[in-house]
Structure formats: C-alpha cells, structure tokens
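Each of the next two complexes has chain A plus one more chain, namely chain B in the first and chain C in the second.
Entry: the complex of A and B
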C-alpha cells in the first residue's frame, strides 16, 4: 500500500500538468466545437449550434482541399524520409573517413525550431535574394518562384521537411540496425540470398517495428505541420500549401472563428488517430505473435 | 558431395597474423572435426570455408574448384551456427524452406522437401511455430533442417551443441552422426569439446594458435599424440604429465622426476640425463602390489569407475580405475604403470620422443 501511494504521489505533478494542459483543453475544444463562437464579433457570446459545424465541415471545400494537400505532403515527405534515412543509416553502419563529424553535422537540423527552419528556407528561396533560385537560374536556366508557382511551393516544403526530419529517421534506424544479430545475415548469405533478397526477407522484417514506430512519430508530426509552412509560404500560393494545421490557424486567428476552428481540430485529431490505428493494425498487430 | 582441400591458408587482420599456413585434406563424405581451445582459429577456418571471412593467402577448394573469391551463396555449402541463426520473423516452415525459396524452387518442391526434412528431424508438429516458441533442442534441429533441405556439397557446423544441456548434447550428437551416415555428405564440424571430437569424427584436426598440431583418426590421436598439447587435449580425464629426466637405477634406466619419484620407462632412444616430460593416461594407471607408493589426496567414485588423485613430493598422478576403492585421503597405495603405456616427450619442445 505504502509503495502504491508513493507511486501516485510521485506521479501527481505529471498528472496535474497533463490534466490542465492536455485533458482540460481537449475537453474544452470538443465543447467549443459544438458552438458558434467569435469572441471579437458584434455578438461575442458562445451559441450552441449542435452538429452544425460538423455538417458544414463535410461540404467545406477549403477544408477538404487542405486534407488532400496534407495527405499528399505526408505521403511524399515521410516516404522520402524513410528511404533516404535508411540509406544514410546503412552508410553510417560502415566506416568511412570523417564519419563522426558527418554524423554530427547531419543531425544538426533536428535541433532547430521549425519556425527558424521556415525563416532560413524562406531566405534561401525568395526570388532575387535566395541562393536556391539564383543557382537554379544560373546553372539550369530554371526560374523558381514559390510565391507564384504552386508545384514549386509544395515541392520546397516537402524538401524542407525532408531536410529537417530525415536525421530523426536515420537515428532511429541506426539504433534498430545496430541491435540486429549478425548471424541471420551471414546465414542468409550462405542460404543463397543476394543483397536485395536479404533486405526484403531479413533486414526489413527485422527492423519493421522500428520503421513503424518512426512512421508513427513522423506521421503525427507531419499531420500537424504549421510553423514552417506558415513562415515559408503562409499556405500559398492560393491554397497550394494550405495544410490542415495552417487551415485551422487561419480559421481561428485571422478570422477569430473559434467554434468552427475547434471542430476542424477535433476532426483532424480523429483522422490522425484513425490513420495511426490503420498503420498499427496492418503492420504491427500481425507481428505481435512473433515477438 | 565433394572433397575439400585447405592448402597453406593464412589469415591476417591488419598486421596481426592469426593463421599460419593451415593445410587439411578432407575426403568426400568424411566427418572432420576441427578441435582446439578458444582462440585457436578453428572457427575462423570454418568461416573462411563458408566464405564469411576472406582468405589472406593460400587456397581453399571444394570439389576441386578453388573458392577463394567465390561468394558464400555460390559455394554450395550449408552451415549451422552456434546460435542457430534462425530467422526470428519466419515460421519453422519458412526457416527451413528459405534456402529453397532463394534457389527459386517451386512451391510444391519446397513443401515436399521441408516436410521430408521435418520428418527426419521430428519437427512436423512445429512447422507453424516461430523460433521463440521452440526449445533449444528444437531450434537446433530447425537449423539442421535448413541445412539438409539444400542437399549441399559440404555441411559446416560451428559448435552447434554448445548451447544445449549435457543430456540433450549427447542425444544430438547421435542424431548428427546418424544424419551423416544417412546422407553421406562431407561434414566439417568445429568444437572445443574433445569428447564431441572423439565420438563423432572420422578425422580430427587439432589446432592451436592458428596452426595445425596434428591430424588423425580419434584413436590414432589418442594412442600416438605428437606432442604434449595433443596428448593433454585428447582424452578425458587428461593425461598425467610429470617433469624429470632419464636416470639410471643400477643396471636399468628409469625416469626420475624433479622431486625424486622413480617411474618405469619404455623402450626409448632418449639418452641418460635427458630432460623429459613423462606422460601416462589416468586409465593406464593401475593399483597393485609392487607399484610406486603414493599418498592419496582425493578419491572420487562415479559408480562405474573411481578416480584417484595421488601425490609424491610435488608430483601429482591421476588414476582412473574400475575397482571401488575405500582408501582414505592421507593413506598410501601402490600404483602400477605398464611401460608400454608411457609417452615420453622432450621437455623443452614438448615433442614426442
């Protein structure tokens, strides 16, 4: 009994913080999502409007567009991060001159705040002063303007995300690769497997739990990307990079449409949970018997 | 099936040379055991045979083909690791069938061969299980199953029994031997356990520090060890060694130990006064009248036989006798040694005289 009570006492601060900063705001957001509320309007009162917000969201083309853009972004960014991260991890498993320095430099983007990353990339991509449009023009004769070209803006954001978050994938995959036993790989060579077969039959299944965990983290992060995009393109041009996070931000802050913004947040949370659950069911659950 | 030739093989790691010109000829269908203490290079040699380690110098050929630069998967060999190296995410069926899948065999053929191997190894009930759901002995058998479905030219075993308990080890030893008789495939087997080597091998290769000390049949090594290392390594309990010199005892010559113990000598070319190491196996020491009087240190009965440790001065002798002995430590007994059973070694070089 004594140790149980001590356990709760030690947990208490975390639970209190979690309650006030996690659970309570969440309940409040759900509560607000059933209201029409614009505190800066002529009528600042919170008015209960039932499921109106939710009904509206289904036909809100701006919102649906933002979901589409986000899904595309997450797909391209996370997939590229996984592939590049895996190759980097494999490279770091070998010895080469300058490995320690290169590994340190390669993780630097991770420690930068997203808002800083956004500003730096904005500086680098702004036409006339940015280094990227400058050399694209000088070397390849391509003119790039993320302020006017939707594909350029979208691609830049995907590349920026890859630059920012691939090191995280690399680090988790290195950890997974390092912990693998060597014998099955040697056995596979003797059993007649080539490099590609070893990857598909041995390496990938054995690091799959780490891969799925990494995808979880990156998926949840990428689905709520706001600051970098806000800084770099502000969601534009048009709505080309208006991800759901940006969409919610625009709905709540410039428009001060708190009720509807909360509804979108609840739906996005729901979609995030569903996609993670799908990932879990398809990739991890069938394995649990083996591990 | 194939013969294997290891010719003057050298292995270097950077500047350090760990194998110094090892040569072994293995006949087709032979069961060869590489044995030696840890660090003697036996596993490295096996891994070079498998293609998992590069050969710094010399050649290895399998079935007449030099395989120095041939990838493991093209050597047509199968290997069983000490850890079994099962694929943890694959079922027993998929583990055993993996080499066939890699060889792009048809599903029907894989099913037939896997089932055949499972029957031989008594694994039929476990085909749907994952490795973590199996006992050590079953995992061991899965690893062997994966080796036999390939029908390779050579089987390589790297201490396959050392993770098993003593009883299971004996069972598996017999199973592997049976398997060899049934398949008739060449086997190269690495172990540090001389009992395994003695009981299983057609031919034993004793190694030390990256060199071959002696090659021969188990009984040949037991009867005619070339030096003190092989003499001490082969046989259990290991051979008694007493250091001393050849002395004269009136008309005849005897062995006299450093502490003065006198023991009978066989016919020998060793000269009087020559420093020698006197070797006699415990099972060749008998108890009887007219033997050398020694003080009993300990008596260890095992039921079937009795092991007696006796001392004279600083010399210790270990005897293994069939009789049950009731002598107590501290009392004296006479020990008889037949000169025919004695091995004499040069004290400096350790070579058999």
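Entry: the complex of A and C
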C-alpha cells in the first residue's frame, strides 16, 4: 500500500473548503442557538439564555406541526415518486421508437430551478387566473382554491414535487436496473416464478440499495426545501404547507427570531443526520463493505 | 413475455410527455402575454404571441451581466466540485486511512443544513473574516463558487464514489510496476476510466449551482448576482411582473437545456449515487 500521506493530500482541499464554509457556520449556529437574539433590531444584543430555546421547542406546537407536515409530505411525495419512477424506469428498459426523445423530455423538469417551478405552479393554480382551477371548474365543476383549502394546497405541493423530482428517481432506478445481472431472472422464469414473485423476491432486493439512496437524497432535500413552497403557498393556508424549512425561514426572516431559528435548525439537522445515518448504516454500508 | 403493441406504448409515452411538458409550455405562454391578458380567462392554445417581454429582457444589460455571472459561477463550481470530488473519492477508495468512512458520511451532512439559518454566519464570515485588506469575499464570483461547494462537493463525492470504487485496483498496481508516478496513475489511468461518472457529476452539480436561489440572493448584491436572483427583482410591492419573470425563466432554462442535452447519454451510465456496485 502506498503512503497514507498522499491520501490526506488528495482529501485536504475538500476538507478545507467544507471546514470554512460548512463547519464554521455550523459552530456559529450552535453558539447562537443558546441565545435569544434579533440581529435586525435597532439595538441587537445577543442574550445568553442557556437551554431555554431547547426547552421551548418541545412545547412549540407550530414546530411540531411543521415536523408532522414534513413527514406527511415526504411520505406521500417520495412514495409516489418511487412507484411512478419504478414503472417508468421499467418501461425505459424496453426498446421502442422514439425512446431517446421521450427520455430527454422526461428529464426536463430536473433542470428547472426550484424558484421557477414554484412560480409556474403558482401561476397555473392561482384561483381565477390559473389554468388548472379554471378547467377543473369548467369541465368537472370542482372548485379548487389553494389560497383557502389546506388539502388542495398540500396536494398541489405534493404533485409539484412529484412532477419535479420523479425524473431523478427514474434515472437512478434505470441506472440500477441496467447494472443488474440477468441470470437470476432467467433462472426464476425457468422455475416458473410469476411476475409478482420475481418483483418481490429478486428485483426489489437487488435494487434496494438504489431505492434507499434515492429516499436518502429526497429526504435530505425535502427537509431543506424553501424556494418552491415559499413561492407557491408561502407555507399557507394557515400552516398546511409549512414544512420545517419554511418554518425556519419564517422564524428567521419575518419574525427575526434568529436565536430560536438557530435552535430549530440544530434540532432539524440533528434529526436529519440521525435518520440518514440509520438508513446508511443499515442499508448501504454493509453492501459496500462486502468486497 | 408479452410484447406490448408499439401504438399503445407511443400513446402512453405521449401522455406522460404531455404532462411533463405542460408546466414548461405554460411558462412559455405566460412569457408571451402582455400584462393585461394575464388576468383574463386562461386559454389553452396560444394565440397572437407578444414578444415585448423578450425584447425587454434581451435589452436589459444588467440581466446580461447576471447571465455571465451565472455561467462563470456554475461552471467554475461544477469543475471544482467534480475534480476535488474525484480526488477525495480516489483517496477514500484507495488508501486505508483511519476514519475514512466517517469522513465520507460527514461530507454529506453539509448538504443537509437548512439554508435559512446558515445565511447569516456565511454573510458575517464573508464580510468580516474572509477578507484581505479592503477586499471581501462577499459579492464575488469566487465567493459564490466556494459557498456552492457546501452542497455540491458532498453530492459530487457521493455520486463519484461507486465509479471510483468500481475501477479495479490491479490497474493502479500494474501502472506502478511500470514505473508510473502517483500523479500519472490518478490523472492518466483512473481519471479517464471514470468519464461517465464524471460527466454526470459535472452536469448535475452545474444544474444545482445554476438553479440555486436563496444563497445567491443573500450573499451577492451587485457584482456577482446570478440570473435566478434577477427573477426576484420583478417581485415588487406594486405587484409581480409575471410576464418578465417568465421570460427570464425561459432564458434561465435554455443554457441548462443545452448543457443537459450534450451529456444526456452519459447520465444513466454514471448515476448510481453510492448504491450499485459495478
């Protein structure tokens, strides 16, 4: 084996950049989370208040509600993305005329900026000027108002997320499916296994790491989403679409409660890291250590 | 297996494509409507396009400089993240360093941070700590390139790891036996073999940087403003200029479309994100 020094030299730039732009701000946020502070006030003064912020968070129903809304959102959006993405990935495994064009079209939403996605969906769904409520009313007599109806707003955000991120899931799953060995499938067919059996006992276990990796990335991004939701609903109506990212944003900017916002961030970051670590250790790490 | 008829497939894919394309089409429709028509009854089919918004955006010199900033920042960031990510992956894959799996996981935690709260420490660091004399890192292109590394570098490392792990170590060893230096092995043997993975990493980090909004809006004020922040300048207290905003969005989309189209075929080959071992 070569000297480990070279390894550290190669790793050094990454560690340095992440230290100066990731770790130092994080330390600052942890420091502030023990204070009560409004940096935008006339007389901004940081007042140490020990663990008060952390105590407050346990009884903060708005925060707990935002965690609940986020979990629901991650569940519905990611599950739908996985199911739709899997079917599309399977469909793309076959050859058909125009496959390249359809695949390109399918990946287009990926390249759109979240803030633009949020704006377009806002324009499509705003009552009276949006095209979706207009035709829902004209053709089916359904009235949809994301400004007043919590389920409508929540559903719109879930659908928007599905539209925006299913392509990423499809691509990841295509990559996983392409690299699968063919023998187990042929063997199973010879043994007379049905389609459903093949899916549950062969395909799913073999693509499980890719599925977990996708959930991982989507979970991470869902917890920090702000732009899209802020643009589309601003977290409303009420707190129906107030995800943790939006909740923190509201705490920091309109309310200028920077100290408390930091505390929430630390807690959310902690929860994210723990859940991702558990996913990683149980599902991904054992597989990569095998060889 | 039953082979589905091509017609059904074609209909299915056309429907899926229609659903995918509709919001993008709608963005275009809004960009070619004069402001007064926006609030009338929406119509599905475009009639009588109005190109005034395009003339306005194209003639705006400020927006052109934003466009240039966006190109420089996202390209610089994507190249740095891909190259440094590759080096890091090579180190993690080939050397038996203590705690390397923890370092690997730690890198991705940088991507998990809720951005709203991290804006202020970054702002303070870039105005008060990362300075040389009068020069501040705030509102510079290099500053934005480095800040974007916090979410793109971990992503690059996680996307590239399976690719680098997949290159057999025997190749390195054979090259060493032939008298190659470490640098030659890394740049001339392993790097070219990782091309599909590198292409995907490059394009996805580019797109993420190109599309970033919150950090760019806070950490730049004039010199390094990007195209996405140009959008918010049309949200004013007197109302939002949706038509102009949509037009800028279309302009934002075009370069991303071109870059994406160029590497489309590499995408599937390289996108395994830490999951599938080759």
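Structure notes:
To be clear about the criterion, the second predicted complex is superposed on the first by the 263 of 291 C-alpha atoms of A that agree within 3 Å, B and C clash if a C-alpha of one lies under 4 Å from a C-alpha of the other, contacts with A are read in each partner's own complex, and residues count from 1 in each chain.
Basically, contacts are C-beta pairs under 8 Å (C-beta built on N, C-alpha and C of every residue); 3 or more make two chains touch, one makes a residue touch a chain.
Bear in mind the structure is a predicted one, so any value in this text is a computation, not a measurement.
By the touch criterion defined above, A:274 lies against neither chain B nor chain C after alignment on the C-alpha atoms of chain A.
Shared-chain residue A:14: touches chain C; no touch with chain B.
By the touch criterion stated above, A:72 is placed in contact with neither chain B nor chain C. Of the two partner chains placed around the shared chain by superposition, chain C is the only one that A:220 touches, whereas chain B remains out of contact. Greater residue coverage of chain A by touch, when chain B is weighed against chain C, goes to C. Overlap of the chain B and chain C interfaces on chain A: residues 287, 291.
Residues 1-2, 4, 6-8, 10-11, 13-15, 17-18, 20-22, 24-26, 28-29, 39, 88, 91, 94, 96-98, 100, 102-117, 119-121, 123-124, 128-131, 134-135, 163, 171-172, 174-176, 178-179, 207, 209-210, 212-214, 217, 220, 223-224, 226-227, 244-245, 248-249, 252-253, 258, 261-262, 264-265, 268-269, 272-273, 276-277, 280, 284-285, 287-288, 291 of chain A touch chain C in their complex. Interface residues of chain A facing chain B in the complex, by the touch rule stated above, are 181, 183-184, 186-194, 197, 201-202, 205-206, 208, 287, 289-291. Those residues of chain C that touch chain A in the complex are listed here as 6, 9-10, 12-13, 16-17, 19-21, 23-24, 26-27, 30, 38-39, 41-42, 44, 84-85, 87-88, 90-92, 94-97, 101, 103, 105, 107-122, 124-125, 130, 146-147, 149-150, 153-154, 157, 165, 176, 182, 186, 207, 210-214, 228, 231-232, 242, 245-246, 249, 252-253, 256-257, 260-261, 264, 267-278. Only residues 50-52, 71-73, 75, 77-79, 81, 83-90, 98-99, 102-103, 130, 132, 146, 150 of chain B touch chain A when the two sit together in their complex.
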